[in-house]
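As written, the chains take the letters A, B, C, D, E and F, and residue 1 is the first residue of each chain.
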Amino acid sequence: MDTPAISRYPVPPLGTLPDDVRTRILAVQEKSGFVPNVFLTLAHRPEEFRAFFAYHDALMEKESGLTKAEREMIVVATSALNGCQYCVVAHGAILRVRAKNPLLADQVAINHRKADITPRQRAMLDFALKVAAESGKVGDEDFERLRSHGFGDEDIWDIAAITAFFALSNRMANVIGMRPNDEFYLLGRMPKSK
Amino acid sequence: MDTPAISRYPVPPLGTLPDDVRTRILAVQEKSGFVPNVFLTLAHRPEEFRAFFAYHDALMEKESGLTKAEREMIVVATSALNGCQYCVVAHGAILRVRAKNPLLADQVAINHRKADITPRQRAMLDFALKVAAESGKVGDEDFERLRSHGFGDEDIWDIAAITAFFALSNRMANVIGMRPNDEFYLLGRMPKSK
Amino acid sequence: MDTPAISRYPVPPLGTLPDDVRTRILAVQEKSGFVPNVFLTLAHRPEEFRAFFAYHDALMEKESGLTKAEREMIVVATSALNGCQYCVVAHGAILRVRAKNPLLADQVAINHRKADITPRQRAMLDFALKVAAESGKVGDEDFERLRSHGFGDEDIWDIAAITAFFALSNRMANVIGMRPNDEFYLLGRMPKSK
Amino acid sequence: MDTPAISRYPVPPLGTLPDDVRTRILAVQEKSGFVPNVFLTLAHRPEEFRAFFAYHDALMEKESGLTKAEREMIVVATSALNGCQYCVVAHGAILRVRAKNPLLADQVAINHRKADITPRQRAMLDFALKVAAESGKVGDEDFERLRSHGFGDEDIWDIAAITAFFALSNRMANVIGMRPNDEFYLLGRMPKSK
Amino acid sequence: MDTPAISRYPVPPLGTLPDDVRTRILAVQEKSGFVPNVFLTLAHRPEEFRAFFAYHDALMEKESGLTKAEREMIVVATSALNGCQYCVVAHGAILRVRAKNPLLADQVAINHRKADITPRQRAMLDFALKVAAESGKVGDEDFERLRSHGFGDEDIWDIAAITAFFALSNRMANVIGMRPNDEFYLLGRMPKSK
Amino acid sequence: MDTPAISRYPVPPLGTLPDDVRTRILAVQEKSGFVPNVFLTLAHRPEEFRAFFAYHDALMEKESGLTKAEREMIVVATSALNGCQYCVVAHGAILRVRAKNPLLADQVAINHRKADITPRQRAMLDFALKVAAESGKVGDEDFERLRSHGFGDEDIWDIAAITAFFALSNRMANVIGMRPNDEFYLLGRMPKSK
């Protein structure tokens, strides 16, 4: 079989990209050993690329009351709801790595109610899935339930904002047919990986 | 009645905001005569604010095969699906103004199938609503239908990206309880307004 | 553009209508200054016309524990659920007038949970939407919740019956393609209108 | 067991009813041998009672391109969708009698796609169920499909109006807890009944 | 009309069947006076036939904390949800016979919330319908509710297993177009039948 | 953390099991190197255990027009729809092994429309998911579409029966909280594994 396309849209050669976009892509390659296809496929539109990753970093890289693994759980659970192959596979890998747990990503993707998570994380994902599926029904009672699990209002904004950002990301990936890199499937699957 | 809150979260005084954020807000006030609450409420997090409006402008202000009115139709139709009061009211106003049509926004919000739009615009909104509700089912047949109405692949990206961006925006507005400014309700409602 | 049709079905000339139907139509024109299209389009079948408006008046014009504005809220909220352009636009106008509130109709149509209404009215609309969407699940617990907000059993019948009547009305309007009069869109939108 | 209530609401003694309502009830008792509970339970509100049965008769008793059995099929199929015990049981009985077929009502109630009906009747029920469940999506293509099966536009109005009227009826029956008379369950079940 | 087919698939002549399958079929004919079509249609695949009826008997014939009538209620309620004509008609008959109640089966099929059952049976059917429709959401709170109605854990397994087995059965019947025997429709409908 | 339970129900010690059940379990341990938890957890009820595995083997081990990998695709896709952690993880592993493809199982579980499969397999899974979610709507048009992809009627029975059997299996696993063995997560993930 031919190498499958990673997008319905043209993937620009690195040399044709604006400097800042190319620099970002080379940096991630340096760090990860490969370039996740989200970078290559979204580079088709540099201005949107910049806003996308600025938003991503503002949510996923900053200090937060949520651990980085928890943030990835939100991505995996809500992306599974949306049937987004790229995000479940890629962020499933990141979740395995960040949680140092080879089982968690598949559990969360299939049914977070059966996953090896704490009641606090269960409440977090219940809320994220409500925001993903029917945000118009969010109300005071949701804030109260989350507070009872120790989440502060800034944490709740984080859960909502990550869910909202990947609502965007899932839709783009689904429409353009973004294909996950083969590398992601195996990442972090070895027990006791570090 | 007291003035209702425009957000569950604190709204920062203008004087405390980073310069670029404040400048943007003052510019919109200068142009519109009031500050839409999306600016004030999202300023609670300046970094996300910057990414949000950079994304917004990249989609809504640029040249496109879609008219500005058509882009607003997408916002109104998909935001109504998501029960987002802020986006339907605010972008309904912008749609009325841009389309110079006082009826269109309400029609599109309630049921785009009954709106005074062209078959091409109907196909555009059918697709946007599919992306909003079940993007995982988007496939070749959707691209083919849109092409048969004269949309090019870049136009399709535009439809998808606007829908995706407001998927994010609707979820944030719903969770933080963003309240539309009273001014929006009446804007553009006078017949033959210009 | 040509004047759009107000129905898929023929609209009978006033002169051809039975006396009682014509008299009713002339009376509403006298009172409102225009004839709402629901009268003209349903006059296609005089016998159903008579039963329709007899039912309507029995619910909407009588004394009730619900104010007239509250009854219109029920119409707007449930008609929005059903995607009925005619009823949301026409009864949205009546709601603005009866509540002397230019914002309320759009709020209730988009998402009653975010509207400027009392907790009692919120419970009323929650119930109306349940009756509209899944009446087979109504049970004692719904009656108890409404009673806890001060509704008596006759009030509950009123909420249910108004919802049920507009379930009929919405379906007819959607099938025949009933178009709202342009006049409705602007009615009651001026602040402090009286 | 005590006799179960036939409504959550008081059932008025015949002697207290307005003359026209009582006369109607006595007539149906004379004809059927018992009084269907819909008459007794809705008599709680005589004005609504009158409008209800006027509407009912305008649709169900008149000349039509649909046979009386076909009209009952519409009632049974859409009432089953709405989980309305009264309407499925009572109109199931009437359908058996009118179609002289002891099997048809249960078939249509459970799954009209598997019922012993003609392709034309299948198209009729497909449309009725669409009107019952998502009338906002009805469009030209529905009219075309029905016309291809020989339905005229007045027949289509009939299908829609019967569905719409029982949308009302189902909701009232579900909310007030209208109980079907025991007599209905067995009516028309004998093979070759006449 | 010709005799309608009882399956999309060939129905094997009795003489061609393996001895054990034929013996089972003759035994049921001896006992019931006719052969329910589920035996004839599934005999198309003897190995699956054997497993199907072994499973069926393990659940439906054994001693249990659920009465035989209660087990049939579960079959009727969940099969109605799945639109399975065969199972609702055939097991509706068995339910009428086992409960010695000519009304119960239709009530449970249309809307178990309105049926003449105990609160304990209502809780049983609520759970069965959750298992049928969204088993992935079953959790501790469901077990607790059932225990509060006096169900033991083995009873809960029974409810779940009967629901699960008929999830299989409904899907097979729906796909192969299994037709209920005419005899079932009338069985057990006489009041005080024994 | 303690070893998590593999079922809400007691897991019987091997020594207490009937001979045939124990023998089957020891055979699978011999072959696979571990005992999949479905054997241990369902052994709680030996009679149901026997029927379950007889059914399973009749469908999954026999000669068929579907390859063994294709049969596992059906299991994975429909079990993901049902949120069944055990079946997606365990049969995902078997699918990877049987298809000699480390990527396919995750793709099919998340969104079969984006998986590396043939159009024929896509049609197979579309049908399986329809049987899983709304079997009451299956009709002639589904058989025709499958035949156009080269499936014979016995193949279609196979697709339906596998889907139906795992409809049962998913519901049992979800209710009893069946936990997948850790071993499954990594099985078959090495590229070019054999």
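The criterion applied here is as follows: a residue touches a chain if its C-beta (ideal position, glycine included) is under 8 Å from a C-beta of that chain, and two chains touch if they have at least 3 such contacts.
Nothing here was measured: the structure is a model prediction, and the numbers come from that model.
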Co-neighbours of subunit C and subunit A - touch as defined: B, E
Where subunit A and subunit B overlap in contact partners, by chain label: C, F
Equivalent interface to A-B, taken from E-F, A-C or A-E so that over half of the residue contact pairs match: E-F
Same or different residue numbers at the subunit E/subunit F copy interface, by half rule: same
Rounded Å distance between subunit C and subunit F, as computed from the means of their C-alpha atoms: 51
Centroid distance [mean C-alpha coordinates] between subunit C and subunit B, Å: 28
Subunit A residues counted as touching two or more neighbouring chains: 83-84, 111, 113, 136-137, 174
Interchain contacts, given as pairs of chains that touch: A-B, A-C, A-E, A-F, B-C, B-D, B-F, C-D, C-E, D-E, D-F, E-F
Touch list for subunit C against partner subunit D, complex: 8-9, 44-45, 47-48, 50-52, 54-55, 58-59, 62, 82-84, 131-132, 134-138, 143, 153, 156-157, 160-161, 163-165, 167-172, 174-176
Contact footprint of subunit B on subunit D as seen in their complex: 136-137, 139
Of subunit C, residues touching subunit A in the complex: 111, 113
Complex interface listing, subunit E residues touching subunit D: 1, 4, 80, 83-85, 88-89, 92, 102-103, 106-107, 109-111, 113-116, 174, 177, 179, 182, 185-186, 189-191
